[in-house]
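Some structures are shown below for you to check.
Across the two complexes that follow, subunit A remains constant while its partner is subunit B and subsequently subunit C.
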Partner chain A sequence: MSFEAAYSGIGRLDRLSYRDTVVHRLDPRAKVVATLLFVVVVVSFPKYEVLSLFPFFLFPVLMAALGDIPAGFIAKKVVVVSPFAVFVGIFNPLFDPSTVAIAPGVSVSAGWVSFASILVKFALTISAALLLIATTSFPGICRGLRRLGLPALFVSQLLFLYRYLFVLMEEAMRVVRARDMRSFGKRGAGVRVFVRIVGTLFLRTVERAERIYGAMLARGFRGDVPSMRREALRPSDAFFVLAAGCFFALCRFVPVPQMIGRLVRELAG
Partner chain B sequence: MSHHLLEFRDVRFRYPDGTEALKGVSFLITHGESVGIVGANGAGKSTLLLHMNGHLLPTSGGVTVGDVPLRKETRPEIRRKVGVVFQNPDDQLFMPTVFDDVAFGPLNLGLPPDRVRERVHAALRQVGALTLADKPPHHLSGGEKSAVAIATVIAMQPDILVMDEPASSLDPKARRAVIGLLNSFAHSKIVASHDLDLILDVCARCLVIRDGAIVADGPAAEILSDATLLAENNLELPLTLQGRPAGEGTRR
Partner chain C sequence: MHMADALLSPAVGVTFWAGTIGTIGYASKKLKEHLDDRKIPLMGVLGAFIFASQMINFSIPGTGSSGHLGGGMILAVLLGPHAAFLVMASVLTVQALFFADGGLLALGCNIWNLGIYPCFVAYPLIYKPLAGDGRSAQRILVASLASGIVGLQMGAFSVVLQTLLSGKTALPFGTFLLMMQPIHLAIGIVEGFVTAGVIHYVRAARPEILDSSASTAPLAAGISLRNVLIGFVALAIVTGGALSWFASAHPDGLEGSIAKVTGKRELPEQEHGIPAALKSVQEKTAFLPGYGFKPPANEPKAKKEAPSWPAVDAGTSLSGLIGGVLVLAVAFGIGWLIRAFRGKNTA
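Moving on, here comes the complex of A and B:
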């Protein structure tokens, strides 16, 4: 993936977060808490659990559908980062060769089962995190975290990260373009040039940071980034967290797929 | 109205690397004056501007704003009086949304939320950017960024407005809008720029700076029509004064 494509991907995620839907209108705090709960519950499943995880896909699917977020876009992003999860689990089938039966007459090594479990958990948690970002503006998330008690220093760091990510990426893009324009074939595209580009960008960033700090001081900055938004939680936010929490608890402690299976068998028999 | 005065008395400044950027600069700017600062690249314009709100402190000599002498301890007070709009709006706009950015200064002044909201709306209305309030700065065009950057400073209601290249990299229409905006301020204004037509449109008085010293100080119309003086400072006549006959423009 080229640099410019990566940049436009992040830009798109950011633009999605400025839409106006039921999900976007929820208080950032509600969404942060629900997503955190979701991640914790999904990760808490034992390592051979696969089937019981599937009901959890309802959460990201609903968020995407109600938030009008293109599922294909999120799926693509999940695939892009999936190598991390694959490498974490790829040796499980070798190290864990004891066999288990997964269906009548079919048995595989337990390692494959735990590998599948890792992949499903990964897909669930990453898609939930991406959807949180796609349905909540980043400043909104930061405000939510601040009101949930995260220290001011962390929150201002996050805010600056977000604000200048785009500036830095555009700058990097211009430098890369300038290099590509004057490098022919392999010459000029090597590691040595790359290292110098990174060095240049670093120095420019330091200078820019100094100018920004100057601009902040010029407007009376004294250590804390002030905010004056005081949104109150609405009943719909509380309902969302409650409903999500109940759903997670249900899927965690009650084997839903097995129950559905039994029900189907009884109806058929 | 002594609090709108800005005085430089024999200001010298040496950067830590030994470069002497200002070599004895003196001038007095009184209430309501609009002053252009012109000069070649590296003549010391930016260094001069950075002294006006105490970002740099003079190595020797003195800066006085109103009746407050510039010292390390008086900087917060000076910064309330002198608003600086930096050249690159991306350096100026650091908050996640336009509203938050314009509110940053007034909130730091300790104003109550209602007053802050009023000031933000007034400032954004004045620069014609009220509809942008909820946008993040990185989604704005260059002209919009410049307008918002100016709003962030006027929301603090400074006595003196200082601007570094307010219209560089703007398209002609956005540049024209900035000029209109500058002319609508009753503040004392100080504008550093290579855009001499802009200076001619906005400023009544003009300072020429060369090698860290002031080499000319007078009415803008007079200084900016002195072709010899301008040429000595790597400048040229403002385009509106060049009197180029139609059809010859492309050949020069």
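Moving on, here comes the complex of A and C:
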């Protein structure tokens, strides 16, 4: 991933998170809890399960559709980060050659089934995580995490990181651009130049932090980043978590695709 | 080498989350005890620095590949272990959210692998003794190399363990280990050189930054590590016991051997109440050999029930296929309808 592409990807996710839709208006805590629940339930399926995972696509699809998030953008990001899961999963067909019948007359090796299961789980969990950040502003998530009991120091750490992320990335991008324009072929792209770039960037960062600290002291900083917002959970948030939880439980313990399939076959004759 | 959600079982993911959350709480508490307000913005901005510098690539001499900074070691040297761990945890959290590196359940494992080993193991036990007072460039180089290599080797080994404990992959332990460790040895060497280079650069330009971090980081880390490990083992036992019923219905590999030792194999009985279709799918999967070294203890059971499943299976799996395709179509169709409806409304 090139620097510019990564930077614009983050920027786009960030802008999407400030839209105003039904999904965006839900309390961050409700969305964090529902997404975590979703991930745990999806991952809890046995390694050869593929079909029973399909109903779970409804959750990310609904989040994206109701939250007005472009599906292609999320799908592209899911594909970009897939290499590790594919790399580990692709060995399943090699090491697990026993065959299973997936339809009358059609059988494949069990390894392909478990590989498919890994890929489906991957698509589900990663798209859910991306949709969480695409429908919830990062400061909102931080407030939610604080309310859910994470240490204040860690949460203010996250807030600072987010606030200066764009500043420092732009600074690094300028330095990288300057290096790339002066380095032809392999010259200048090596470790020696890299170490000096990172060292300079580090010193600038420390100096920036000192200036920030001075500015914060001048505004009454006493080691905490308080929030003026006082938000209570609304009935709609509780309903969202409850409905999501019931749906996940239903799809986890009832084989919905198999039942629908049997129904269709009975109706057909 | 980010761990991925799809390769994890809930028991492993939740256990490592518990360990990671415990360590975040512990590091926050420890840092608050002798907190220098000055450090709060410094840590935050350094997190952004690590994030930005990870995106700068450099070419590794002699190979066609490129490397980038890992960050854990360099932060530990510049900030001390507790602050460095919190910064690493926040960097990985933001990466998990914005880049979807690994996912949310795997985030616990990733903070554990990339934060705890460099900050609480490699830094206090290897870097500090080797680097001494940090005046000699050679000692810094040796210390950075050794701690970089050890930290990454432990992280890579941990990825292998987490993957195999989860039992979603059929990769044998030895093969997986042979694929992961050498790659991370090379990455560790590069990381060691880069870490030493940056420390050297900073020491030449502004030596007081390193001196202040060395004096505010007392060597109590050895004790803290033991506390953390004891807490983690206790958590692992509790969550492992409580969540084992929720884990994979087919414990295999290491999980399987643990189950055999503790005699906990009543998973199929526990889920008696659910419809027969699910049960048959579970039975089908339960007899597929996960690994070649499955002990003969399970074999009689497998033989007894083996003839019964193919007959059940053909019908069920056809229903499953039809239903699965329908469910997918409905799920995406709902999304499409909402979007189409929206488009008409706004147009």
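Observations, loosely collected:
The rule we apply is simple: the second predicted complex is superposed on the first by the 262 of 269 C-alpha atoms of A that agree within 3 Å, B and C clash if a C-alpha of one lies under 4 Å from a C-alpha of the other, contacts with A are read in each partner's own complex, and residues count from 1 in each chain.
The rule is short, and it goes like this: a contact is a pair of C-beta atoms (placed from the backbone, for glycine too) under 8 Å apart; a residue touches a chain by one contact, two chains touch by 3 or more.
None of these values were measured; they are calculated from a predicted model.
After superposition on subunit A, the partners subunit B and subunit C are accommodated together without colliding. When the shared chain is aligned, subunit B comes close enough to touch A:Ala218, but subunit C does not. When the two structures are aligned on the shared chain, A:Gly261 is found in touch with subunit C, with no touch to subunit B.
Contact with both subunit B and subunit C is seen for A:Tyr162 once the two complexes are overlaid on the shared chain. Of note, the Cα-centre angle with subunit A at its vertex and subunit B and subunit C at its ends comes out at 100 degrees, rounded to the nearest 10. In the superposition on chain A, A:Phe91 makes contact with subunit C only, not with subunit B. Shared-chain residue A:Gly245: touches no atom of subunit B or subunit C.
In the superposition on chain A, contact is made by A:Arg208 with both subunit B and subunit C. Look at A:Phe138: by the touch rule set out above, it reaches both subunit B and subunit C. The partner that reaches more residues of subunit A, of the two candidates subunit B and subunit C, is C. Superposition on chain A places subunit B within reach of subunit C only down to 8 Å, the least C-alpha distance between them. When the two complexes are laid over each other on chain A, subunit A has residues 14, 138, 159-160, 162-164, 167, 208, 212, 216-217, 221-222 in contact with both subunit B and subunit C. Listing the residues of subunit C that touch subunit A in their complex gives 1-10, 13-14, 21, 24-25, 28-29, 31-32, 35, 37-38, 40-49, 51-53, 55-61, 69, 78, 86-87, 89-91, 93-94, 96-105, 163, 167-172, 175-176, 190, 193-194, 197-198, 201-202, 205-206, 209, 246-250, 274-275, 277-278, 281-282, 284-285, 288-290, 292, 310, 313-324, 326-328, 330-332, 334-336, 338-339, 342. In the complex of the two chains, the subunit A residues touching subunit B come out as 14-15, 137-139, 142, 159-160, 162-164, 166-167, 208, 211-212, 214-222, 225-228. Partner subunit A is touched in their complex by these residues of subunit B: 50, 53, 55, 75-76, 79-80, 83-84, 86, 88, 90-92, 94-97, 100, 103-105, 107-109, 113, 116-117, 136-139, 152-153, 156. Residues 3, 6-7, 9-10, 13-14, 35-36, 39-40, 42-44, 46-52, 54-55, 57-58, 61-62, 64-66, 68, 71, 77-78, 81, 84-85, 88-89, 91-92, 94-96, 98, 100-104, 110-111, 114, 117-119, 121-122, 125-126, 128-130, 132-133, 138, 141, 150-154, 156-165, 167-169, 171-172, 175-176, 186, 189-203, 205-206, 208-210, 212-213, 216-217, 221-223, 253-262, 264-265 of subunit A are the ones that touch subunit C when the two sit in their complex.
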